[in-house]
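One chain, chain A, links the two complexes that follow: it is found with chain B in the first and with chain C in the second.
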Partner chain A sequence: MIEILSVTGPASVQDLGRFDQYRFGVGTSGAMDDVALRAGNILLGNDENAAGIEIPMLPFKLRFDRNMAFALTGADVEAEISGRVIPPWWRSRARTGDVLTIKAMPRGARLYLTVGGGIDVPMVLGSRSTQFRGEFGGWHGRPLQVGDILPCAASTATIGELGVEPAEITLARPNTAADETIVRVVIAGEYDGFDAATQALFWSSSWKITPQSNRYGYRLQGPAVKPKAPIEKRSHGIVPGVIQIPPNGQPIIQMRDAQTSGGYPKIATVIGADLWRVGQARLGSRLRFEQTAYTDALAAEAEMSAYLDRLRTNVRLVEETRICRSS
Partner chain B sequence: MTTPDRPRISLLGTSALLFEAPGAFDLPHQRRIWALAATASKWPDIREAIPGITNMMLTFETPPRELDALIAALNDGWDAAEGLAIGGREIRLPVTYGGEIGSSLQSVADHCGLSADDVVSIHAAPLYTVFALGSHPGYCYLGGMDPRITMPRRQTPLQRSAGGSVSIGGSQTGVSASPGPSGWHAIGHTSWTFFDSSWPTPAALTPGDTIRFVIERVIR
Partner chain C sequence: MPIKLTDIARLAQILEKSGVDTIEIEEPGQSLKLVVDTGPRMAASAAPAAPAAPAAPAIDHSVIAKADVAGHFLAAHPWRDQPFVAQGQRIEAGTTVGLVKIGLLYAPIVAPAAGTVDAVIAETGATVGYGTPIVRIRPLS
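Presenting the complex of A and B:
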């Protein structure tokens, strides 16, 4: 078990998400940075879909009530456990009574704490992710609070310290400037409803991420991007990554807790391989969109899978080497 | 794909695709969407086929390498779709119109050149059909609203709208099942449980069910 001693902002239990309940109006939820959650679980020998804790704001402090392995992935981090510094993208062991203090996130927006075996909350409609709007899943369907004691599944893995290269380095995109995140998008249904000059404005602008951005969506600020004539769609399904243009011309990127349907015109959709980059983009920083073809988006997903496969292989090799040395 | 009487098919990134039927926002078109969704949900690599308002989203278990075959299957499926008549149950839903939650009642009236009482009686008159579920857990999109009370969605969506809000967005109406952001105009509210994750089927209503709004009170 782990006990929450200090929490700032809406930290929550998330796995990769709830993907087959759209017909009941239930969105995916799930980790905003799915790559980081997967990597943490891989480091610990867990199922990649095991639930962890998504931490968007600091400080955050918790106590381990038994010996267990844990990992911190996602944002860059300043953390320590019983006086020992824990680097980012690192797995370590806690002993009973150890207190983990997470003090700062110098880069990135969300940190993932994964534990050996995973956070053992009940599966609800096929997932352990917190569904905030429906108030179910995760830990009683709500953000974590001080005093919460979260059950952890048993893990048999014997694990030593190990770090891996953060995804933002391995999967770095070319031409990325400081404080600007470039994300690839596939154009969506109403793209042609915008004239060429407006389309060009959408691509060339550096969009500011406003403070009204969260797990529901990222509201962006920049020049007004308006269609040739107002577009009012009949309500239809949407998925995380869809970029809607409400009548004020300021784009909204739908994120993991987004509504499952909408009617504002859609100019483009952030590809699955880059949605985690949006999840790690900080409020006040900037986003730029880069057009990509459907087949290239699939190739980018394959590249992400290959990165995770390599991670899995490397972690296994390290274990085998340890076993050889110790036998 | 842009011919007016042909369906529009567009991508939602690599995880989903949107099929939009040509023609009117009415029950006969919606019945064909229900039929197409029932067929498409059985196709390989399709996770779910989710009806919207005379449209349908397909989510992928695995994104198709080639889209042409899927697009052709959707077009053929639409042409072949016979209206699926679902005989649902009828729900009577008491509504308090106006008041703090239904604070847009007057602005809808002003926009439509009607009195608030007119908007209420026009809104409560039809027997609505649940066309689709979406937005948030248990929310129902209803077909059958009188076009005289149409009002475009908000310029900027609200960050938070109350649970149980009875709202108008464009030519559609519906009742929110829980509090959350919304681009619609709330004209009233109801207290009814639309969703419970512990139920065997978590949503109370399903496409084909019908709703009759009963005017409980009008706060002017």
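Presenting the complex of A and C:
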């Protein structure tokens, strides 16, 4: 078990998401940075869909009530456990009573704490993710609070300290400036409802991520992007990544806790392989959109899968080497 | 279990690929030492390390933090400007003094004893192997 000693903002239990209930209007939820959650679980020898804790704000502090392995992935982190410094993208071991303190996140927006065996909350509608909107899943369907004691599944893996190259390094994009995230998008249904000058404005602008951005969606600020004529549509199915243009011309990117339907015109959609980059973009920082063809979106997906495949192979290899040496 | 010829061939391949020149395996009743001829590489990596090492004192009590896996040495985490340890720094046993990068992984190199960092011997990016000295530590008392 782990006990939350200090928490700020909506930290929550998340796995990869709830994917089978969309037709009933239940959104996916799930980790905003799914690559980081997978990497943590791979490091620990967990099922990659095991639930972890998504930490968006600091300070955060918790106590381990038994010996267990844990990993920190996602945002860069300054963390300490019983006086020991934990580097970013790292797995380590905690002893009973150890207190883990997250002191700073120098880059990125969300940190993932995974534990050996995973956070053992009940599956609800096929997932352990917290559904904020519906107030179910995760830990009692709500953000974590001080005093919460989360059950952890048993894990038999014996594990030493080990780090992983952060996905942001391995999957680095060219021409990325500090404090600006470039995400690849494919154009969406109502793109042609905007004239050429407005489309160009959408591509060339550096969009500021406003404080009204969270797991539901990111509200961006920049020049007004408005269609040639107002577009009135009935509510229709939308997915995380869809970029809508409401009447004020300020884009909204739908994220993991988005509704399953909406009526605003859609100008573009962030490709699946870059959604985690949006999830790690900080409030107040900037986003730029790069138009991508569908085939390139698939290639990006393959590149991400290759990173995870390599990670799985590397971890297995190092584990085997250690077992050989100690036997 | 006896070491099979196929195991030796596989180990030799791994050595060659990883750029490590020697491996020794000792088990009750048997020992194996494999040496790969990496002459030019040895000369290249030995040269820069030599000037960094000051003259050894008459009686050398220093302890050495060594790599325990083959890969490339990193003095700092890629997201950090500061190295894990610097000369003169006081450290505890178990302190991480650097990383070995193996593919996508970072294996920590830990201090075997508490003391003061005398010198970081290995250069960032250098190919290291099992037992390569990384940091010299002057132990307490």
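Some observations on this one:
Going forward, the second predicted complex is superposed on the first by the 327 of 327 C-alpha atoms of A that agree within 3 Å, B and C clash if a C-alpha of one lies under 4 Å from a C-alpha of the other, contacts with A are read in each partner's own complex, and residues count from 1 in each chain.
Just so we're on the same page, a residue touches a chain if its C-beta (ideal position, glycine included) is under 8 Å from a C-beta of that chain, and two chains touch if they have at least 3 such contacts.
Computed from a predicted model, the values in this text were never measured in an experiment.
Look at A:169: by the touch rule set out above, it reaches chain C but stays clear of chain B. Contact comparison for chain A: of chain B and chain C, B touches the greater number of residues. In the superposed pair of complexes, A:315 makes contact with chain C only, with no contact to chain B. Applying the stated contact rule after C-alpha superposition, one finds that A:88 touches chain C and leaves chain B untouched. Comparing the two interfaces of chain A, the one with chain B and the one with chain C have no residue in common. Put simply, chain B touches chain A in their complex at residues 8, 10-16, 18, 20, 25, 47-48, 50-57, 59, 63, 65, 67, 132-139, 141, 152-157, 159, 169-170, 172, 177-181, 183, 195, 197, 201-203. Of all the residues in chain C, the ones that touch chain A in their complex are 68-69, 77-79, 94, 96, 99, 101-108, 110. Across the complex, chain A meets chain B through its residues 19-27, 124-125, 131, 133-137, 185-189, 212, 216-217, 230, 232, 234-239, 241-242, 246-248, 250, 252, 259-264, 266, 269-272, 294-295, 297-298, 301.
Against chain C, in their complex, chain A makes its touches with residues 76, 84-85, 87-90, 106-107, 161-166, 169-170, 307, 310-311, 313-315, 317-318, 321, 325.
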